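Take a look at these structures.
You will see subunit A twice below: alongside subunit B first, and alongside subunit C after that.
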Partner chain A sequence: MITRRLQYELVKRLAAPLLVQLQGASKRLKGRQGPRPGSPFGPPLKSVALLKDLMTRHYLEGRYADGAVPVAWVTSGFPVEILRALGFFSIYPENHAALCGVQRLTPELSDAAERVGHSRSLCSYARTDMGAVLLEKTPVGRLPRPDLLACCTNICQTVLYWYRCLADHFKVPLVLIDTPFVYGESQEHHQQYVRDQLEELLSVAERIGGRRHSSEELVRVARLSHEGTLLWGECLAESTNRPAPWTGFDGFFHIAPIVTLRGSEECNAYYRHLLDELRHRVRHGVGGIKEERYRLMWDNLPIWYNVRDMSTLLAENRFNIVVTTYTNAWAEAGKRMDPTDPVGSAARSYTHIILNEDLDRRLELMTRLAREYHVDGALLHSDRSCKPYSIGQVDLKDRLAREAQVRALLLEADHNDPRAYSTEQGNTRLQAFMESFA
Partner chain B sequence: MRAEYMREQKRSHGRKVLAVLPIQYPKELLTAMNVLSMELWGPPGAPRGPGASRLQAYVCSVARNAVAFVQAGGAAEVDAFLYPHACDSIQGLATLIPDLGGEDKPALHYLNPKGGYRPSSRRFVAGELRRLAADLAELTGEPLSADRLSWALDLHREIDRLRARLLDGRARLDMTDSDLYAVLRRGEWLWPEDHLAELKLAASRLAPMGEVVQRGVGLLLSGIVPEPMSIFDELSSMGAYVAADDYAAVGRRVVRKQLLASEDPMDTLAWLMFAYPPCPTRSTSLGQRMDYLDRLATRSSAEGVIIHTVKFCEPELFDVAGIKERFGARGLPVLFLESELEAELSGQTITRLEAFVELLTQRRKS
Partner chain C sequence: MSGVAIGVDAGSTTWKAVILDDQGQVLASRVAPAEPLVDQQTRVELARLRERTSTSSDVPVGATGYGRKRVGAQRAITEITCHARGAFHITGAGGVLVDVGGQDSKIIHMGPDGSVLDFAMNDKCAAGTGRFLEVLLGRLQVAWEDVPALVASARSAVSVSSTCTVFAESEVISLVAEGEPVEGILKGVHQSLASRVAGLAGLLPPGGAVYMSGGVALGRAMVDALAAALGRPVTVLAEPQLVGALGAALSVR
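Right after this comes the complex of A and B.
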């Protein structure tokens, strides 16, 4: 344990920073990359280098975390502040699966999960991650073994089914925060239920983490988390400007810190840096794409393996995704947080997540975003792997057109599995949609 | 038939009728408040009409068919809808149908807590029951009476005892699977006292303990809902029968545990909601579920397992690997079938069933 802890601290304080510095130096030697000639995109965000450093450090530390500090595998919508305040190192399997998706590793990893009996109809994040566990294969070198699995149903029930399998595989406890779905207004006994579970979580996490929680520390982490979500919201809101200083596709990648490092100073420092850069671009009229003629909203998760191709096709046709309901979810959460009441406000904010609210709310949100971001149209990714996000989209598409004058395209794909997406068909539909704006 | 029965219940007994989506809900509360539940499991067959395309093809057919059925006016005569919180898809319907159009009748909810018993979930269930009772009182114009609830709890325990006797004593029951399941599934829409009468009649055909009537290959069937029901005739013609049931619509809704006696019937009802057999939609642990299935297979001497689930049903599909692993280790063959609530079994499915039963028959001989 002591050796492991020393090793971890060494990596965290010395090796990881040194490695990212070396990587940065190597990139500088190769020369700064500007936009390629003929590229439809604006100059790349300088913050990307910092983002890569941050995530590299996170996963590098993770390699040495188990046995040194308590490790939790956590769903993206989990109230992680409690675990962070108790010194847990957290890994986000969804974020990890997305990393695999971008690198098109899903077919191979999913095959491994399918070989043991998991259906291809299951969420491709789950298949990707279960495959990575079975094959012990990951683009981040190594994932630390969890001491605790922490799951919140505010994004879907799927994560719970998935984490049950992980709990069975790793033989570790699974803690659950079950957030009752909000129809209209959340009821008092629903809020009480979530608060009760957060209290139950505290005692389980204390036992596994081997220490009592401190209220001061919990407030400190909650404050950082609150600040982080507000900063993230401010970054996104810069796209209400014309031209938007970045694209929604950029946002899909820059969301990583608010998901994986929420409640930490390094996360907030990163977003302060990004916000400065975005504001600088706005002041100088620098856009995410060179010529922004039409502005779109994106609904649902990204198509990770196709982000580059799709963003290029859109940009070449002067279309920019300026807002996404997905990245906006982490900004919305911050509005209900109150760091002085970390448990009560976590119950409120983590229950009122877009995927845990009724379709009336979703339509209201999309209509508001369409207005604030001045969008001309919307792309609704009908995602085979995300049923809660996709159910209702057929109606939402019609209602957006009728009530908010936002024409929309329903594009069927899968967020992580390229085998469930026809690029040709998708591009043809996108082309036809874009032509309708001429 | 159902429509005529429903009208008669309204006319003769002044009962309100709820269309109830799957799976688990406090039926005792409805019975106590003189409300008839008409469960909506599909119905089977390809979804038709204007509502057929409101959900994507990768959403399970229980949800897709329900939307199409409701929008086509199939539930026009009910007084309200009840959406128990079974999964993401049913939860989606609970907002899609009332919020975005298709049906403007009152939408009632019952949220099943996930993850098995915890002190927090016990308190939550009590709150959910109180809220549902208030919603039903608004619908019926009558408040809940403790006496009626005690009566309903007793009635449903009697129903459960009989259903358990029929399912657990299947080898001694002189009925075909088709006939047995027709009786069991009529409980999805009959008034409980009518259902009880039919169950008693069926139970009279149980042979004495130790006497075996069913001599075919005994199978454990697990899934969401036994559709199409012709699967039972096909199995029977192949020389097999259902020795153990783990369908969410049937066996997983039979409480076999002895309930803690409480002076407050609402308290008893709250305990009851945690007494059902393990079901992935409520996310009891994988280990508990596998142990339960193991016991079912052992008790019924099942010779093979058929996982007969609905395509795209995530809660069920996540458990498939575990079931295969558990029974594989025991040397019990497992057949995995996915259905889309078709009106009839496909030729391919029948061929797979034949091959599976044939394999089990050969194993028995050898």
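Right after this comes the complex of A and C.
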């Protein structure tokens, strides 16, 4: 344990920073890559290099975390602040699955999951993650073995079954936070129900982490988390400007720290840096794409393996995604956070996640975002792998047109599995939608 | 008179082209089975059409269909926009256009000026398209030209599922083996396809005229089945197979 801890601290404090510095220096020697000639995009964001460093360090530390510090694998909508305050290192299988998706590793990993009996109809994040665990294959080198699995049903019910499989595989405890689906505003008894579970989580995490919680530390992490979500929201809000200084697709990648490092100082430092850069771009009229004629809203998860092709097709036709309900979800959560009441406010904010709210709320949110970001239309990704996000989109499309005068396209795909997406058909629909604006 | 604009619709099943005169009238047209090498087929076919109409080689070409980017045209536009443009040119009115092609079906809601207000297409499966009909006619060993009379003579329709073309094919094999009459199965096949296409129409606003284009509109039985499924009369546009190519030609006129 002591050797392992020493090894972890060495990597965290010395080796990881040194490695990312060396990588940065090597890139500088090779020369920074600018946009290729004729590219429809604006100059690349300089912050991307910092983002890569940050995430590289996170996963590098992760390789040495198990046995040194308590490790939890958590869902994206889990109130991780409580675990962070108890010294847990957290891994987000969804974020890791997205990394695999971008690198088109899902078919191979999913095949492994399907071979042991998981249906292809199951969420492709779950299949990717399960495959990575079974094959012990990951683009980040190695994932630390969890001491605790923690999932929250505010994003879907699949996470429960997915994490049960992980619990069975790793033979470690699973904590479930069940958030009741809310229509309108949550009631006191909803919040009490979640609060009680969070109190229970505290005692389980204390036992596994081997330390008592301190109220000061809970408040400190909650403050950082609150500040982080507000900073993330400010970064996104820079796209209310014309032209938007970045694209919604950029946002999909820059979301990584607020998901995986929420409640940490390095997360907030990163977003302060990004915000400065975005503001600088706005002041100088630098857009995410060279010529922004039409502005779109995106609903649902990205199509990770197709982000580059789709963003290029849109940019070439002078369309920019300026706001997405997905990236906005982490900014929205901050509005209900109250760091002086870490547990109570976590119960409230994590219950009011977009996927845990009714359709009227979603329409209200989308209408507001459409107005604030001055969008001309919307792309609704009907995601085969995310039913809670996709259900109701036909109604949303009709109501957006009728009540907010926003025309929308339903685009059928899957967020991680390229085998469930027909590129030619998708492009034809997207192109026809763009032509209808001419 | 020579042509002023050429439209090519390089579809998945058939290759279509029209040449327009300066009044927007079709001078010449051609429908041929689609070949895998779209660029080569286009070169050969267009040379013949140009020769027939004394149209010079610098007359602009607009292209649509899945092979639109391989035609070497001045403009490549999707079938949705082209079918709406072609339909508006013929009717001068808005409404709902149903296009059932070889591998996709579309329902397009056109504004009074012919603009595309909204559209819906079949999802990843070909069970709502002409291919469904083609496969099942082949399995029933029925010639395309015999379909209307056979469907008209059917006493009642035999239910056939439209979830999947391949599954429907095995279902039809079983029905034939069980002694169900071919006419009844054929009628069921048409109803099945029509209900699948009509399901798309549910995504669009009700009311207004309904037009039909695409190769499948050539079959009266299919048009009747669609009208019954929609509960509204369906008007087949003149030369329905050429509506997309017409729209493509209009885009470069």
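The rule we apply is simple: the second predicted complex is superposed on the first by the 438 of 438 C-alpha atoms of A that agree within 3 Å, B and C clash if a C-alpha of one lies under 4 Å from a C-alpha of the other, contacts with A are read in each partner's own complex, and residues count from 1 in each chain.
Convention: contacts are C-beta pairs under 8 Å (C-beta built on N, C-alpha and C of every residue); 3 or more make two chains touch, one makes a residue touch a chain.
If you're wondering where the values come from, they're calculated on a predicted model, not measured in any experiment.
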For this session: Based on the superposed arrangement, let me know which partner A:E364 touches: subunit B (first), subunit C (second), both, or neither?
Result: neither
Problem set entry | Partner chain(s) touched by A:E424 [first = subunit B, second = subunit C, both, neither] | second
For this session: Pick one for A:D341: touches subunit B only (first), subunit C only (second), both, or neither.
Result: neither
Problem set entry | Touching partner for A:D168 - first (subunit B), second (subunit C), both, neither | first
For this session: Give the label of whichever partner, subunit B or subunit C, reaches more residues of subunit A.
Result: B
Exercise. Is A:E412 contacted by the first partner subunit B, the second partner subunit C, both or neither?
Worked result: both
For this session: For A:A401, decide between first (touching subunit B), second (touching subunit C), both and neither.
Result: second
Exercise. Is A:E435 touching the first partner subunit B, the second partner subunit C, both, or neither of them?
Worked result: second
Exercise. Should A:E265 be classified as contacting the first partner (subunit B), the second (subunit C), both, or neither?
Worked result: neither
For this session: Give one of first, second, both or neither to describe whether A:D276 is in contact with subunit B, with subunit C, with both, or with none.
Result: neither
Problem set entry | Those residues of subunit A which subunit B touches in one complex and subunit C touches in the other | 394, 412
Problem set entry | Interface residues, subunit B side, partner subunit A - complex | 53-56, 58-59, 63, 85, 87-89, 91-96, 99-101, 107, 109, 111, 113-115, 118-121, 123-124, 127-128, 130-131, 280-281, 283, 285-287, 311-312, 314-315, 317-325, 336, 338
Exercise. Which positions of subunit A touch subunit C when the two form their complex?
Worked result: 394, 401, 407, 410, 412, 420, 422, 424-425, 428-429, 431-432, 435-436
Problem set entry | subunit A residues touching subunit B - in the complex, by the definition given at the top | 113, 116-119, 121-123, 126, 153, 156-158, 160-162, 164-165, 167-168, 174, 176, 178, 180-181, 183, 187, 189-190, 192-193, 196-197, 199-200, 358-360, 363, 382, 384, 387-388, 390-396, 399, 412
Problem set entry | Footprint of subunit A on subunit C - complex, ascending | 66, 77-81, 104, 115-121, 123-124, 203
